[in-house]
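Both complexes below contain chain A, partnered by chain B and then by chain C.
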Partner chain A sequence: MAKYTTKGLDCWGRAKELRMRYYKDYAEAHDRGALRWEGGAWSFDAIPQALEGEVHVLTEEPYGASVGADPKLQVKYQEAAEGKWGCARDLCAYMRNYWGGIVLGEYAFGGKWPRADFIFQNQICCSHSKWLQVADEIYGGTIPYFCFDVGAGPYDRIGERQINYVVEQLYDGIEFLEKVTGRKVVDEKLIQNVQNTYRSACYWAKTCELNQALPAPLDEKTMFSLYVLGTLEKSNKEIADFYEKELYAEVKDRVANNIAAVAGEQCRMLGDSQPPWGFLRIFRYLETYGVVSIASLYTFSLIGWFELDENGNVVPYPTLEEQGITIKDRDHALRLLAEGELKGKLMWAPFYGATYKNELVTKIAKQWKCDAAILHLNRGCEGTAQHQMEMKIALQKIGLPVMTFEGNMADEREFDEARAKRLMDLFLTETLGLKKIAD
Partner chain B sequence: MIEEFQEWYQNRHDFARRWKEENPDGKVLGYFCTYVPEEILYAANILPVRILGGHEPPALATPHVFDMWCPFCRDCLSQGLAGKYDYLDGVMISQSCLHVRQAFGAWQVHVPTPWSYYLCMPNAVRSPRSRPFFAGELADFKKAVEDWAGKPITDEDLDRGIDILNTNRRLMKQVYELRKEDNPPITGTEAMTMVWASQLVDKREHSVLVEELLKDLPNRKLDRDPGVRLMIVGSENDDRPFMEMVESIGGTFVIDDHCTGSRYFWDEVVPNENRIQAIADRYCDRVPCPSKDFGQEDWERKRFPHILNLARDYRVQGAVLIQQKFCDPHECDIPSLRRYLQGNGIPCYFLEFEVTVPVGQFRIRVEAFIEQITAEELFE
Partner chain C sequence: MIVGGIDVGGKNVHVVIMKDGEMLAKGDSPTGIQKAEAAERLYDEVLEQASLKRADVERVVATGSASKRAAFAQGMIADAAADARGVIRLIPSARTIIDVGAEEGRAIKASPEGKVLDFAINEKCAAGTGTFVEAMARALEISVEDMARISLESTRSIPMNAQCAVFGESEVVSLIHAKTEKRDIARAVHDAIAGRIASVARIVGLEKDVVLIGGMARNVGFVESLRKEIGMDVVVPDDPDFVGALGAAAAATAGVLEEEVEAKVVEKEKYEEGKAS
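For the complex of A and B:
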C-alpha cells in the first residue's frame, strides 16, 4: 500500500499552455507587427518587454534545453554547429543546439528559424556573451547586439557600487533599445514588469521552500517544467500570476493535505545542475526505490531569489510588498531589478568561489532534510558544473552519502543511460540499503 | 642572457624562495590570470608570480575538478596540491574564465595559503561603466593589500609599481619589434620564454636582463634559416617543446597573441593623477581575453583587428591557432578567427593542446601546414 496520497498538479496544464504559447508567439510575432529579441534567461527581460507595442523574446538556454529533450533533434543541430560552423563539440550543449538551429534555419517548434530584431544579452559565464555574438555572426552580423555584465560579485558583497555598475549598463541598454527599435521604453510597463519579476522570483522561491515538508509536495522532475517559465519571461504578468496565484497556492494546499509528489517517498535526494534532458525517465527510475529528488541549488535559484536569514538559513527573498516598497519611477525600478537579481540569485554565488557553493548546498541539504545526493557532473554546462566536485566533498563531510555520474544536459552522445542506472542501483542498494518498491 | 630567462622559467620556485630570503619584509603572491594588477603588488613590495602548470598529468586535481575542465587549470591546481607553491604568502585571482576560477576555488579550500583574494574584474571591459566600477574594486583591493602587508601604499609607491610594470612592458615590446626583421635575431621560443620569465620573477631584475638583451640582439645572428614566418594565437601557452619543434622544421614564430605572450604586456598604464583609475583603465583597455571581448553596440570583437594588424606588421605567412582543450572562450572565438584571418589572406592551422602535447603527431601536421604555405607561394 502506498505510504502517501499523491496526485498530479492541477496547474500542470496551465504551465504547459504558457510555455507552448510563448514559443508560438515568438514565431508569429512579426506577422502581428511585434518585435522579436534574443537574450539569456538572466537578461532583465523587464526592460525590452517595456518597449512600446508588442514584444516577444526567445531566451536561449530554455530553447537549448527544449532541443535537448529530443535526442535525435539535438544530435542533428549539434552536428550542424560542429560540422558547418566548425565549433568544438565540448562547448555548452545548449549553445550548440541553438547555433545548429540557426545554421540549418530551423526552429525546433516548427517552421523556419525566426530571426530576431535585436539581441539583449547578458554575460554570466564565459559562453553567454559569445553565444549570441556568434549567433549574430552566423546571421551575417546584421542584428544589433548589446551584452551587459552582471559579474559584479557574490550576493554578500553587493553594495552601491555593484548595483550602480549594473544599473548604469541598464540605462545604456535602454538607449540602445530605443535607438535600434525606434520605440520608447514605457515607464509604466517597466514598473509593472519589475513588479512581475519580483513576484515570479520570490514566489518560485516560496514554492521551493514548501518542499521542506515531509512528504515533499513536488519532485524535481516536475519542478524542471515549472521553473522554466521564469527562464522564459519572468516579467510577464501571466507567468507571475501563475507562480503567485496558481502554483504557490496549490503547493501550499498539497502540504496542508499531506499530498506527496511520490507516494512511496522513503529517501529524499539532493541534486545539482541540469539533468540530461532527453533522459528524465531516470527520475522515474529512482522512484522505483522510493527515492524522490526534491532539492537543488540549481532548480531553486536559477530563477528563484533567496537570501540567508539572521540564523544563516536559506529563505525566500522578500517580495516588494513584504519589503513595503512601491516603485516610484524608472530609476527606482532599475535599481530594484538589479538589486534583486544580484542579491537574490544564490545560484550564481559559486562563480565566486567553491566555499559559496559548499555553504549553500550543505544548508539546503539540511533544511530540506535530504538523505543523500546524486550529482550530475554536467559536461554540457561549465556554469552549473562549477565546483561540483568540491560540493561532493563538502556534502560527504556533513555525512551525506553522495553519488556522481557524468553526463550532458543536452548532448546525448555524452550520456550513458544504462551505466548511470547501474550506478544508481549500486548506490541505492549497497550504500543506502534501499530495496525496490516498484518495477 | 636567453639561457637565464630559460633558467628562471625552469626553476621558478627557486627564484621565488630566494627572493623571499633576500626580502624578509616582502611577500610572494601567486596569481591566476593576467588581469591581476601587478602594479599595486609591486607598490606594496609583494612579488607576484603567475601560477602556471607543470606540464605533468594533473592527477591530484581529479578529485576536485573533473575532466571537462581545461587541462591548464587542472595542472595549476595539481601543482598547488603537490606542494610546489608552498612558499606562497598569498594567492589571488582577477575575475576571468570559469575554468581558472574553478582552480582558484579549489585552491582556496585545499592548498594552505595564508591570504587569498578574489578581485572582481569586470567582464564588460568595453563598456564605459567598467572603468569606475573596476577603480572601486581596485581601491578595495589596495586597502586589503595594505592591511595584509601592514603598511600603507602611497602615491609614490603606486608610481613605482606603475613604472616597474611599464618599463618591463616597454622593453619586451622593443624585443618583439626586432622580430619584424627578415631574419629575426631571436626565435619565437626564446621571445616567449622571456615573457614567461617576466611573469615569474622580479620584474626589476628581469628588465635589467632585457635591457642587456636589447644591446646584444642587433649583433646576434642566428645560424638558421627562419623559413616560414608564423604567428601563434590562442589560449595559455607555455609549451616550449612544441614551439621548439615548430622552429626546427622550417618555421619561425615572429609574433603571438597569448596571455603568456604579447597580450600580457602590449599595453601600458597611461599615467594619470588618479593612479588607481589609471591602472583600472589599463586593464579595461588592454587587448582583451576572449572571455571579455564583447560589446554593447555590435557583435564585433576588439581582438581580431589587433591580431590582423600584428600579422601584417610582422609579415606573417601563416597562423597556428591553438587552444587548451575545453577552453570555452577561445573555442567560441576560433571558428570566427579562422574565417577572419583566412578572409584576410592568412592561412590558419588549428591544434588543440593538453598539458602534454603529442609532439610527434603535431610535427607531421605542422610540417604539412608549412609545406602548404610554401607550395602556395611557389605557384603565386
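For the complex of A and C:
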C-alpha cells in the first residue's frame, strides 16, 4: 500500500497553457503590430516589457532547454551550429541549440525563425556576453543590441554602490529602448512589472520553502516545468498571478493535507545544476526506489529570491507588501528591481566562489531534510558546473552521501542513460541501502 | 551451501563456484559478441570442473557491465558493489579499491563490512582502461605481457598528454616515428593510465590499504606506474580479475542467508498468529 496520498497538480494545465501561449505570442507578435525582443532569462524583463503597446520576449536559455528536451531536434540544431562555426562541445549547450535553430531558420515551436526587433541582454556569464551578438550576426548583425553587466558581487556584498552600478546601466538601457523602438517606457507599466517580478520571485521561493514538508509536496521534475515560467517573463501579471494565487496556494494546501509528490517517498534527494532535459525520465527511475529529488540551489533560485535570516537560514526574500513598500516612481522601481535581483538571487553567488555554493547548498540540504545528493556534472553549462566537486566534498562533510554522473543539459550526445542508471542503482542500493519499491 | 558468481564484463567473463565460503572452481573466457552464450557456456564448463549440475547451485548472482545477459542468474549486483564485497573478503584492511578493467576504471571507498561508501568512475574516457593498453600494444607490435615487462626496464619518463585513446594512439605513433625506445613508450602509456586512474581515485580519497583489481592489475608495468603516481603501496590480490565474480558469489551467499532469515521471521509470525487465534 502506498505510504502517502498523491495526485497531480490542479494548476499543471494552466502552467502548460501559459508556456505555450508565450512562444505562440512571440511568433505572432509582428502580425499584431507588437514588438519582439530577445534577452537573457535571469532578470530585468520588467524594463523592455514596460514599453508602450504590446511587447513580447524570447528568452534564450528556456528556448535552448526546450530544444534540449527533444533529442532529435537538439542533435539537428547542434550539428547545424557545429557546421556553421565548428563549435567546441564545451560551449554552452543552450547557446548551441539556439544558434543551430537560427542557422536553419527554424523556430522550434513551428514556422520560420522569428527575428527580434532589438536585443536587451544581461551579462551573467561569458556565454551570455556573446550569445545574441553572434546569433544576430547570422543575419548580418543588424538588430539593435544593448548589453548590461550584473556582475556587481554576491548577495552579501550588495550596497548602494553595487545597486547604483546596475541602475545606471538600466537608465542607459531605457534610453536605448526608446531610441531604437520609437516608443516610450511607461512608468505605470514599469512599476506594475516590478511588482509582478517581486511576486513571481518571492512566491516561487515561498513555494520552494513548502517543500521542506514531509512528504514533499513537489518533486524536482515537476518543479523544472514550473520555474520555467519565471524564466520566460517574470514581470508578466498572469505569470505572477500563477505563482502567487494558483501554485503557492495549491502547494500550501497539499502540505496541509499531507499530499505527496511521490506516494512512496522514503529518501529525499538534493540535486544540482540543470538536468539532462531529454532524459527527465531518470527522475521517474529514482522514484522506483522511493527517491524524490526535492531541492536544489539551481531549481530554487534561478528565479526565486531568497535571503539568509538572522540564524543563517535560507528563507524567501520578503515581498514588497511584507517590506511595507509602495513603489513611488521610475527610479524607485529600478532600484528595487536591481536590489531584488542582486540580493535575492542566491544563484549568482557561486559565480563568486566555491565557498558561497558550499555554504548555501549545505544549508539547503539540512533545512530541506535531504538524505543524499545526486549531482549532475553538467558539461553543457560551465557556470553551474563550476565548484561541483568541491560541493560534493562539502556535502560529504556534513554526512550526506553524494553521487555524481556526467551529462549535458541539452546535448544528448554527452549523456549515457544506461550508465547513469547503473550508477544510480549502485548508489541507491549499496550506499543508501534502498530497495526498489516499483518497476 | 553452493553458490555461484559471474562477472560478465566488456571483454571477459569470469565465473566462480563456492561451497560454504570456499572456492570450488573458477574459469574465465572472452565475452565476445554473443555475451549470453559466452556466459552460459563458461558457467556450464566451471560447473563441470566442479562435478556439479545447475540444480546443485542454490543461487547465482551476476555482475559486470553485461550482467543482464546472464539469464540463469537469480540476482544481480552492481559491479562496484561486487568489487567491494570481493575485496573485503580477501583483504579486510582494504579501504580504497581501484578496479581497472577493459572498458572502465573506477575507484571505490569501502567500509570494513564491504559497503560502498563512495565511488567515482572514469566516465567516457577510454584512455584510462585496459582496452587502451591493448591498442597501444598493437601499435608497438608487442604483446600486452611484454609491454608490461619492458616498461619496468625504462629509465625515462615521457609525458603523454592526450586525453583520449584515439589521440593517445597518435601520440604513441609519433613516439615510434621519433625512434623512442619501446620500453619508454610502454612506460609512458602505463604512466598516462595511472595518471587518469589516480585522479579518479583522489575523488573518493586515497586511504590505506589501496587494493588494485581488474584485468589491469595483472599488468606489472601499470601497477608500478600507479604506485609511483599515488605515492602509496598498492596491494594486488591473487587472481585480481576474479574479484568481481567472487563478490557476486559473496552476494549470492548473503542473499540466500537473507532469504533464510526472512523465512524464519515469517514462520515465527505465523506461529505467533496461530497462538493468538
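By our rule, the second predicted complex is superposed on the first by the 438 of 439 C-alpha atoms of A that agree within 3 Å, B and C clash if a C-alpha of one lies under 4 Å from a C-alpha of the other, contacts with A are read in each partner's own complex, and residues count from 1 in each chain.
Following the convention adopted for this analysis, a residue touches a chain if its C-beta (ideal position, glycine included) is under 8 Å from a C-beta of that chain, and two chains touch if they have at least 3 such contacts.
Worth saying up front: this structure is predicted, and the values here are computed from it rather than measured.
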| item | value |
| --- | --- |
| Chain B versus chain C as contact partner of A:E406, first or second or both or neither | both |
| Contacts of A:I294 with chain B and chain C, given as first, second, both or neither | neither |
| Which superposed partner A:D416 touches (first chain B, second chain C, both, neither) | second |
| Chain B versus chain C as contact partner of A:M389, first or second or both or neither | both |
| Partner chain in contact with A:M347 - chain B first, chain C second, else both or neither | neither |
| First, second, both or neither for A:I303, with chain B first and chain C second | neither |
| Residue contacts with chain A in the superposition, chain B compared against chain C | B |
| Partner chain(s) touched by A:L426 [first = chain B, second = chain C, both, neither] | second |
| Which of chain B and chain C A:N164 touches, first, second, both or neither | first |
| Shared chain A surface residues [contacts with chain B and with chain C] | 389, 406 |
| Touch list for chain C against partner chain A, complex | 65, 78-81, 84, 115-121, 123-124, 203 |
| Complex contacts: residues of chain B adjacent to chain A | 63-66, 68-69, 95, 97-99, 101-102, 104-106, 108-109, 118, 120, 122-124, 127, 129-130, 133, 136-137, 290-291, 294-301, 325-326, 328-329, 331-336, 338, 352 |
| Residue numbers on chain A that touch chain B, as the complex places them | 85-88, 90-92, 119, 121, 123, 125-127, 129-134, 136-137, 141, 143-149, 151-153, 157, 161-162, 164-165, 168-169, 172-173, 176, 350-355, 358, 377, 379, 382-383, 385-390, 393, 406 |
| Residues on chain A engaged by chain C in the complex (per definition of touch) | 389, 392, 396, 401-406, 414, 416, 419, 422-423, 425-427, 429-431 |
